[in-house]
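Look for chain A in each of the two complexes below; its partner is chain B in the first and chain C in the second.
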Partner chain A sequence: MSNRFGISREKVNKVLQSVAIIVFGFAIGGIIMFAVGYDPIAAYSAMFFGSKEKGMQGAFGGIFGILSTIREASFIILTGLAAQIAFSAGVFNVGIEGAMYLGAFVSFMCAYSFSAPAGSVLGVLGALLSILAAMIAGLLWMSIPAFLKIKRGAHEVVTTIMLNYVATSLTELLVVKFFLPTTGVPPGGIVTPLISRSAMIPQIDFMGGQLNLGFIPTIIVAIIAFIVMERSVVGYSIKVVGSNPNAAKYAGIEVGRIILLVMLAGGAMGGLAGAIAVQFTEYRFDQAFSPGYGTSGIPVALIGRLDVVGIILAGLFIAALHIGAQSIQPVTGMPSQVSLLIEGVIVFSASMPGAFDLLKKYIKPKGEKNE
Partner chain B sequence: MSEILVDPIILVSLVFGALRSMIPLLLGSVGEVTLEESGLVNMGVEGIMLLSAFASAYGSWTTGNPFIGILYGVIVGAVSGLLYGYLSVKLKADQVVMGLGISTFSLGLTEVLTVAVWTTYGYGKSVTRVPPLLSLVFGNLAYQISLFLPLSIIVALGAFYLLYKTKYGLTIRSCGENALAADAAGIDVPKVRYLMSIFAGVLFGLAGTYIAIDWNNIFTRGMTGGRGWVSIALVIFSGWNPLAAIGGSLLFGFFDTLQYWVSASLGASLLPAQLLRMIPYLVTVIALAIYGKRAKGPADAGKPYVKE
Partner chain C sequence: MRLGSDPYIQIEAVRKVYPDGVQALSGVTVDFRRGEVHGLLGENGAGKSTLMRILFGQIKPTGGKILIDGNQVSFNSPHDAISHRIGMVFQHFMLVSSFTGFENIMLGLGTGKGLRSEQDVRKSSENLALRLGLKVNLDETVENMPMGERQRVEILKLLVRNVDLLILDEPTSTLTPFETDELLKVMRRLKEEGKTIIFVTHKLREALSACDRITVMRKGARVDTVEAKSADLRSLALMMVGREVLPEIRKGTPKLRDVLLEVRDLVALSDTGNEALKGVSFQIRGGEIFGIAGVAGNGQKELVEVITGLRRAKSGAVLVGGTETTTKSPRDIYDLGLAHIPEDRLGRGVVLPLSVRDNLLLGLQFRPKFEEHMLMKQGAIDKNARDLISTYSIAATEDTPVRSLSGGNIQRVVVAREFSKSPRIIVASQPTTGLDISATEFVRQELLKMRDDGKAVLLISSELEEVTGLSDTMAVIYEGRLAGFKRPEEFSAEEIGLMMGGAKVEQ
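Then we have the complex of A and B:
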């Protein structure tokens, strides 16, 4: 059922559902804020438009806010795509965070160890190889839970969450052991020295702010993901496995290989996100670089309705939520973790397609057929 | 090195540490086992534990009475369980996604409430702790046995008895094994699942309460530290058997406590803290690698039940 713009009824419904979920998330967030004595209108306005008196820009209240939101979105869209490709095959890969930490550390090690004149062919090659190494590291890391799921039947949600804890401790151990052996943990946090200049992808001056180029690899991955998921046999097989693994088996699809593929792809994307953190953003490995980018991929994939374009929009939205939340604390005194609360409600509501059927029953005029 | 290992004081403290660390894992895994036997899978254990941890600390702080704290924690657990049951049974929510949602939500909510109640970020103020059941003195150190230790073991024994030795247990397990057949036999599947969801919620609530106002005496951000997830892993590790969960929790509790013990007695120079911190998580992964295949849970667990 398509109208003359080629937009199907189903698609409109999907978008409406996502919008409803987001509105619901904000409504619950607002009610809780109000209940504990904050002004939700002031908080949300600080979140999105900042506050002049406090010098905060929120997510969109100025060029710094907007550029921060774009930087944040490059990470979250990437982890959202990683979550999406797994969810499409019915796999709950929650291990992107761990793959990202491994990727970030490997990207740092490579970019730290080589040196070439900045801008030379060798320098560019080294920078690219460091990114590639990070992706391979993420992929190898993710092969652990993938193998455990396929060969041993271990539930991927539990193994990947456990491995996330292992990955953050492991990278912290490596940094402390090899880069801070005498000083211990300095007041600035667990950080390494800077990577070599030639491996740094510069930030561009843009209208008085700094534009982080991390969005470029993210867009490339999004395009590849779109082609694979919507225009290839592999993408079709992934969706068949996700909707009905038994039918997939009968159709001759090797379910195990598809599961392996989606998890390894997610690992590589996580590794890439790590490389963006090191080579595009911080130029060193900072143990505290991620405010939970990997976990944020889950709401992004869910409200993006497992659709690449939807995920880009959802990623921008969740990024705005994060960057905006940083303005909430100075303006209202409410902790920035309030964004987790809203994200949680969003994930929670996205788990209930049944709720929409229930709503539809009341809203739809009688006699109309339910889709 | 060898003298350190045989030092009785250290061994004793290791044993008591393991007995402390096992409690939330045992309560969590027994709750999850009974729930999964009825056909629901609660992936929000971590989140419910954290909400109850906050509620109990709040209750103990406002009244000065830790037993009111326990009551608050249990109520929050029960209500979360009821809500979880309702949404899974009635609205056929995806139980994995919902669990992840609860866990994220509770991290955000407890932080907002911490600031609202105690006006500090990341941690609250110290509250009255639950009094210990008894204190044992070894050498010149006193070790306290928590009320929650016998409680959690009794709960595990009771759950085993209920599930495998009574006709109610048969009813519960039939809902998890084949909901349609159970329905045909005249069992009210949704009612059983609601009840088990509330029961499991109460146990998760007790686990969170124990962590906040017995093991500690303060609420801190994300203080459950993945123990909810470890509890879910323990369900598989113990093969859906509450008795095996006692052994499993003790083993995991031992690894959990080992990290503090090694860093305290051997010093960080020999074995760094980060390495030790990984141990319980690594053990969980290894346990799943070994037991994952062999484990076979209730056939209908996690599938929404659609009445024909």
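Then we have the complex of A and C:
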């Protein structure tokens, strides 16, 4: 049933299913646009290819659009992988956003307080250590809901959502308390001063645009995630725990340890996303840096059907939708609320097959009966 | 509401065939009279619960009819049954554990227009409870109630809904002896009130003491209905197990080796905190099959779980190959050479969404043969899957998700995997439940092969013929105690029936 590339029929079916439902989502979006009096073809064309006259590039209509899509995708692929590893183990970790905020702040603190000549060995080391510190911060942050779940049985959905608020508010408080008195409230909102030059990972001039290097750590994480999930005993154990915890116990797998592992790994990945925001992108901690990167990981993981390659494609897709939607209003004059609605409809419908995959586990197989 | 001989409920030629072809009932005809306590006696799989769930509208019969006072009825749901004044208390209670007793009674009665008010329901609950001696604290949360009280809430729930017929499915199985006595008293009072009770059970003494008439079922059919007064333990036991339980001799004499599995005075609690095992001891030597017969729910599950490390014993010891394993993890116990064919095949034995290949690895994933530097050896895993698929004739490819396999093939996967662990001890729990004839025969032959190879086999099954046919030594489990310990051919059918029904406990 599978050829030598490991492409099984089941996988092909999954891809076809996902593509069909995405087309369906676009169709529904088109009907909505038509109903409120806009031309769907023009809007979708603006979304993906922009418009030269209006100076918009959409998601792919020019180098600026493409590079923005890639930058955006780096974040949500990373958070998508964090969601994937948790979902695979049956853990609904929705706390990546919080881990990311904490990671971003710790990355900023390290990169701000430390200084070395830019480009020196010490400088590179400092930059790397700041990234590492961010990951550790995310990991430690996530250990709170992990222990609450394992030791006390507190459901991770509740604890991680609450901790997201704690993390965003806590970092805001720290910035307001310790950094705004020196900078004053700038027009850009609640932001810190810049980090030291040596900790900044530069953006590269690329065909006239600025290439954000955040995609490099994301690709490294994706490769590791692929090896762990598809080739390692740990990945096997994660899948068994996620599909049937009773069978996992029976097979000698320590379920608690696996749950701890996936949550901590997700926290570290969230922290890394935060470091990318600070050290690769903004070069400061900006309280409003995330348009919901952490939570976007959930639809990315679902659209990617908990498969690493699928998640990379899904991340690019959602990033393209998000970047492209910003071109619709200037090009067609459609209110931005409508384009947000369209984006939501498409993401929602595209997530459905993956969501049903997860729900299937809660539906008992037929044929079970007493007597 | 007098105790009459006119049939109140007539069940005529009711059949049930499940979509997978399993025939649970093969044309059962039985009648229940108004105001009687009617025992429904039988082993597992006799069809008692299926019949009762049909009467309660929970499953639809494949054929036959049901008449109430001579009028044919057809139920689409338990609601229909309740509106015809038929109610059922399940073995596993259907209560919301975070609600109080009263809230559970109210649930579904509502307070809207045309429905009964809270005060009204509370008043009638209190009156009924008082009159019938149903001790229930209506304002206590169900999760804080002992099992007996939860059951009384269930009964009260039905009485408030004005049912005339109460079906009690194995009502004493989760109760302490004291609570059982209380329940039997309540049943008597209900009868005095003119209620009809169907008492589903496998316990002979309880059936004899509580019932007016007893219907015995076996293998989806009614054996007979007798007046309790004129029945005795022996005749009931024999009807329940049938005459043809004499073992089929198809194995050579065992070549006994050292003791490989030893259980000493084991006491363990069930999930609900009752003592499920009350001091169980036995030894199994290499080259021997030790069989435990008995109706499910008498401690078999807990025994298997303690031996395999999935449940902690309260006291006593388990020794695997001479090593004490009472506090060891399942993984450590597997490493000592124990393999486990679990009773709950779908819930524990396999991971349904994963492939046959991945399922054949379950529990073997840590072995050096399949793991190196934390990575899986794909080549070895693929080869292992291909070899086992052909050796055990599993009708699937390595990539097929186990979800899409038939029950028989799923069990082949489990058996193949467990035997591929090259174990010294095999714990096989209900290994052939739900399998067709060829798959059943396959599993039994494999167990005999293991025995002839000098392994110790613990066989736990509620299929009596399986235990008598395969075991070298057998015992019967009843309420957490083992009795018997003889060669199967030394038992008479009657004796086994009596022990399974708890009428004779010796050790």
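Just so we're on the same page, the second predicted complex is superposed on the first by the 324 of 371 C-alpha atoms of A that agree within 3 Å, B and C clash if a C-alpha of one lies under 4 Å from a C-alpha of the other, contacts with A are read in each partner's own complex, and residues count from 1 in each chain.
FYI, a residue touches a chain if its C-beta (ideal position, glycine included) is under 8 Å from a C-beta of that chain, and two chains touch if they have at least 3 such contacts.
Every value quoted in this text rests on a predicted model; they were computed, and no experiment measured them.
Asker: If you stack the two complexes on chain A, which partner ends up touching A:337: first (chain B), second (chain C), both, or neither?
Answerer: In the superposed model, A:337 contacts chain B only, not chain C.
Asker: Quick one: classify A:187 as touching chain B (first), chain C (second), both or neither.
Answerer: Touch partners of A:187: none, neither chain B nor chain C.
Asker: Of the two partner chains, chain B (first) and chain C (second), which one does A:232 touch, if any: first, second, both, or neither?
Answerer: second
Asker: Of chain B and chain C, which one touches more residues of chain A?
Answerer: B
Asker: Where does A:208 make contact in the superposed view: on chain B (first), on chain C (second), on both, or on neither?
Answerer: A:208 contacts neither chain B nor chain C.
Asker: Using the superposition described at the top, list the residues of chain A that contact chain B and also contact chain C.
Answerer: In chain A, no position sits in both the chain B and chain C interfaces.
Asker: If we count contacts the way the header does, which residues on chain B are in touch with chain A in the complex?
Answerer: Touching chain A: residues 43, 47, 87, 90-109, 111-116, 121, 221, 226, 229-230, 232-233, 236, 272, 274-275, 277-278, 281-282, 284-285, 288-290, 292-293, 295 of chain B.
Asker: Of all residues in chain A, which touch chain B in the complex?
Answerer: Answer in residue numbers: 32-33, 36-37, 92, 94, 144, 148, 151-155, 157-159, 161-163, 165-166, 169-170, 172-173, 176-177, 295, 298-299, 302, 333-335, 337-355, 358.
Asker: List the residues on chain C that touch chain A in their complex, please.
Answerer: It comes out as residues 18-20, 24, 44-50, 308, 310, 329-331, 334, 340, 342, 344, 346-354, 358, 361-363, 365-366, 370-371, 374-376, 378, 397, 399-401, 403, 407.
Asker: Name, in rising order, each residue of chain A that touches chain C in their complex.
Answerer: Residue list for chain A touching chain C: 1-2, 8, 10, 227, 231-234, 236-237, 239-240, 243-244, 246-247, 249-254, 360-361, 365-371.
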